[in-house]
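You will see two complexes here that share subunit A, one where it goes with subunit B and one where it goes with subunit C.
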Partner chain A sequence: MADERFDAVVVGAGPAGSAAAYTMAKAGLKVALIERGEFPGAKNIFGGVIYRRQLEDLIPEFWKEAPLERTVVQQSMWVLGEESAVMLGHHNQRYKDPPNCWTGLRVKFDQWFAGKAEQAGAVPIYETVVTQILRDGERVVGVKTDRDDGELYADIVILADGVNSLLGKQLGIHHEWGPDEVSLAVKEVIALPRQTIQDRFNLEGDEGCTIEIVGQTCQMAGLGFLYTNQDTISLGVGVMVSDLKKARVKPYAVLDGLKQHPMIRKLIRGGEVKEYSGHLIPEGGFNSMPKLAGDGWMVVGDAAQMVNAVHREGTNLAVTSGRLAGETAIEAHKVGHFGVGALDAYTRKIRESIIHKDLKKYRGVHQLLGFGDSSLLFDKMPQALNDAIYNMLLVDGMPKKEKQKKVMRYFREAAGGNAELVRLGMKGWRAMNG
Partner chain B sequence: MLHLVVCIKQVPDSREIRIDPKTNTLVRLGVPAIINYYDLHGLEEALRLKDEFGARVTVVSMGPPSAEKALRQCVSMGADEAVLVSDRAFAGADTLATSYVVALTIQKVEERWGTVDIVFCGKQTLDGDTGQVGPGVACRLDIDQLTYVEKLESLDLETREVTVHRHLEDGVERVKARLPVLITALAELNRPRRASLPGILRAARYQPIVWTTNDFPTIDRAKIGLRGSPTIVSKTWVPEPKQVQTEWLPSEDSAAAATALLDHLYSTDLPQKLGWA
Partner chain C sequence: MSQSIEERLFTIRYKADDVSHLIIKSQDECLACETKECNYFCPSDVYLWHDQESMTSVAYENCIECGTCRLGCPTYNIEWVYPKGGYGITYKFG
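Our next item is the complex of A and B:
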């Protein structure tokens, strides 16, 4: 056992854990930050978008020092058909000043962020696995690690141990996630010369773009993504685990399929795959959020299912939840109470925050994904949209009125009749508008 | 009490090294830094002696300020003190200049914490690969050197004799030597330990002692850094991969493949060359 006692132990040095550790250490609390990876970020696959707003609340003007890739000026959504795409996007130079978001690679970003917590005074304990929550009756009093003499005692334990949160299971706040509550994302980082990336994506200097991809995910519920980094491209796809299980398809096969698509293959041509990785992403959203605080503990980030799948926001929810937990710990420390009563303030803060509001708004999306079989939303409808647009733009001598009818037929047939189409539309509307 | 000194070097992780195709030099940018693998075995052996006999273990390193991280790792494993010798004036040192500074450092360590009984080094570094610094230090300290040690058989504190196994090209040499000695470690020597949690906590707060040229009043400036390094790299190149003829032997299953392969091999003069025939 370590002789030292801490005010707080944070388990997991991802963005949620580092945000909590940074907040508390800066306020003078004695904090230990434990990470199982060789270094923070080592276990992360996220190659995605980092937003300004939430992190700025914690570290003003962080973008001047953080390892970010490109400032996103263009965001698109591509709906893929078999050999086609319907593209919807927005490009705006105003996204540069003030910057809205950046592409980033979390292997670098997490190291920087945990480094900020270390500079603020948090004690880093890396390459260390927490194997057990230590309790005194109902009260959480510390953690046990896999190192010799590995017990560490603290007034507060903050669980930021990610989607699989083994400690959350030990606490009994969540069960093993069901296959319909998580998706499996696989990603490749593909190296291309900086200039080539700029030319192919119509970018200048440090400008970047993001593309979200619907369709062509082997008839399963899933989303593809492509983000431009400085001299790499992050290309990946996340698919609901329940669908992977049903279809018995390997996730990399879905990614390989995307890479062959005529819209994608030209963008990555000549690139060298530098990394391949896979990770679970919590998709349960609002309905899967566990109890957030108890006697001596709080849970933040992915471990609390705080991911907005619709807006691919996870990192910023993690940062915000970490900060709120940190602030709660500071208040609790001031008054010297660490029981449910004190730490439940964190649950209230989450309820009042944008995290809760956004996740609540989209709480129906998860049910929508389970609506009938996924091939409708993620394959038949995207293909119908592509066929419809194809016919709209095709000059073949057919009168426009007839053409409109034909176009509607694609959607009707995809949905399986008029009534079904209307029902799907209503469900979709409700899911997206809370 | 026994006083053991371990020399370590922070090196780029060789698993992630790339060669710049234009300059043929190592690309160090963005490559994580680790403790030279063999040095860790030296440290572990010192810590084992500490566990068995009780000892003071002092770790020394020459390098940039970032090497403090490597020294902290040694402290987390159980070293008592760590000294970093760091100064722009030391930069660009070859093995001759490095062993001069390391020897001076060990002498200063002796002045401060008492006579040194054993100096441990790795057999070589992963980035330089020369294996010269350890022997160079032993020469300058005028102590016996036991290189390529794969086993420390015994240490007798009464007679002050150490018995080791040296792994040589044509066999193993069992040698006895009287302290003080310098030992260079092979990977077979031991399995480095994982730091305990109290060790990690101690290391997180530990501030390594940093010495600059000013801490060595008698230092000969003509013998350090680039100036003190007679080594000249005249040319570096990456050897071309050998072109080898590949033959494919298509077959139905693994048994057929094995038969086909053996038939093919016996149709050449290879078995004779290898003495199979």
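Our next item is the complex of A and C:
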């Protein structure tokens, strides 16, 4: 491997890295795709949902060959009280054709996607950790791996090394994420017969559903999720690390709490836990995005905090950023310039893309979650909503006008007064519409 | 159907290296640490404080490589790198 030289080296074979490698290899560039796992996907987990739109730009009709689980026709949000739930959802058969998104499992999906990059000509270098960025002055000229004679030189290095991005730190584009810029998700894959899943979730054939869960996260800012796969269920919960640090509660105990909730317990009854997993999720959003390109390098996907926490979109932003970095690399090779002047075109492309627009819209959310009182938004309010609905629907002889007053009192008390309630509403609106 | 953490970790395939990829930089920092939060926030129970020995033990073989400890430790006292290529966890589903 000593004297090998590449047009581009991609570090990390997740969706962002494979998208970049595929784009460049298809255009004839000599690309190395490095992955530290035994195979691409070996270390990767997500909720998870795979979207059509962005990946389709890269591989038309990919869903006819990609390993996907179920076509999502129904998406819901459950706000949990202690032994109750307020449910809001949308079911639509139109999500089947054209498909909007699918549930998926990353071990299969990432292997398939990296395989596409390999077929296009990218050279796979797996079971290999990149330990160092090689530089010549300011310019990045390659990477050093943990293999013998493991130096690889390239005109461009694309960092797709995930949320921890040790290489991004080495490059100095970010020092260390704050505990309020990431959440820790733990997840279980629970096996149930295919027919049982369809019956319990009101699905037929390959139809699938997703449920996002607010509340019952031990007063921490966080979201639970339950997604239907072919013959498994993905059930997990992510909580902000800053809250987890304070709470002194084991992450898997939060998951256990959800599993025992009456609404969830019945859905997973009889299931066998096939896998436990955990991963950090970037939550910093727009304000945490680092510098995206420099002399000889670009950074894509989770490594650049490209996750839309509000809509739990991550893989699609990863794929888009990988493609844009790949296209920038192709243009750079045409003109033979690899400095910041050439690669900054990637930054401009990101700015014009949905990544920048969507993350900018929700730029205030991080502050709402990170610095607010998590127990208010993620415990008191969900419980107040449940108590309010409970009382509205309870026929107990109380006149409706009185009931309405009582219901408002739940929210007021949870928020700590009328003024606080209004302030919270305004803060929430601004956070979602930055 | 709640399981112990041991049962949970048993669902993951591990290939443990002989040497730890997680290093406590200073046990004195751990001794002085009032919260010892790594004993709680780690999703695979890697860290445990021992009063008698006055040290934090590191069960790196259990690590699921999430990175929480690196940025969660109040004094950034954990040196965190990836296991060597091909070592550590391999998921079956992901």
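Methods note: the second predicted complex is superposed on the first by the 430 of 434 C-alpha atoms of A that agree within 3 Å, B and C clash if a C-alpha of one lies under 4 Å from a C-alpha of the other, contacts with A are read in each partner's own complex, and residues count from 1 in each chain.
The criterion applied here is as follows: a residue touches a chain if its C-beta (ideal position, glycine included) is under 8 Å from a C-beta of that chain, and two chains touch if they have at least 3 such contacts.
Here the structure is a predicted model, which is why all the values come from computation and not from measurement.
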Quiz prompt | subunit C versus subunit B on the shared subunit A, clash or fit after superposition | solution = fit
Quiz item: What is the contact status of A:I213 with respect to subunit B (first) and subunit C (second): first, second, both, or neither?
Solution: neither
Exercise. Classify the contacts of A:D148 with the two partner chains as first (subunit B alone), second (subunit C alone), both, or neither.
Key: first
Quiz item: Counting only touches as set out at the top, which of subunit B and subunit C does A:V189 meet: first, second, both, neither?
Solution: second
Practice problem: Check whether A:E4 is in contact with subunit B, with subunit C, with both or with neither, and answer first, second, both or neither. | Solution: first
Quiz item: When both complexes are superposed, which of subunit B and subunit C contacts more residues belonging to subunit A?
Solution: C
Quiz prompt | Contacts of A:R248 with subunit B and subunit C, given as first, second, both or neither | solution = second
Quiz item: After superposition on the shared chain, which partner residues are touched by A:L166: those of subunit B (first), subunit C (second), both, or neither?
Solution: second
Quiz item: Is A:P124 contacted by the first partner subunit B, the second partner subunit C, both or neither?
Solution: first
Self-check item: Minimum C-alpha separation between subunit B and subunit C after superposing on chain A, in Å
Solution: 8
Exercise. Would you mind listing the overlap between the subunit B footprint and the subunit C footprint on subunit A?
Key: 128, 145, 147
Quiz item: Which residues of subunit B touch subunit A in the complex?
Solution: 32, 194-198, 200-201, 204-205
Quiz prompt | subunit C residues within the subunit A interface of the complex | solution = 1-3, 5, 7-9, 11-12, 15, 35, 37, 40-45, 64-68, 70-72, 74, 76, 81-86, 88-94
Quiz item: So in the complex, which bits of subunit A are touching subunit C?
Solution: 36-38, 41-46, 105-110, 126-129, 131, 145-147, 163-164, 166, 176-179, 182, 184, 186, 188-189, 232, 241, 244-245, 247-252, 256, 259-260, 268, 271, 273-280
Quiz item: Across the complex, what residues on subunit A touch subunit B?
Solution: 2-4, 32, 39, 123-125, 128, 145, 147-152
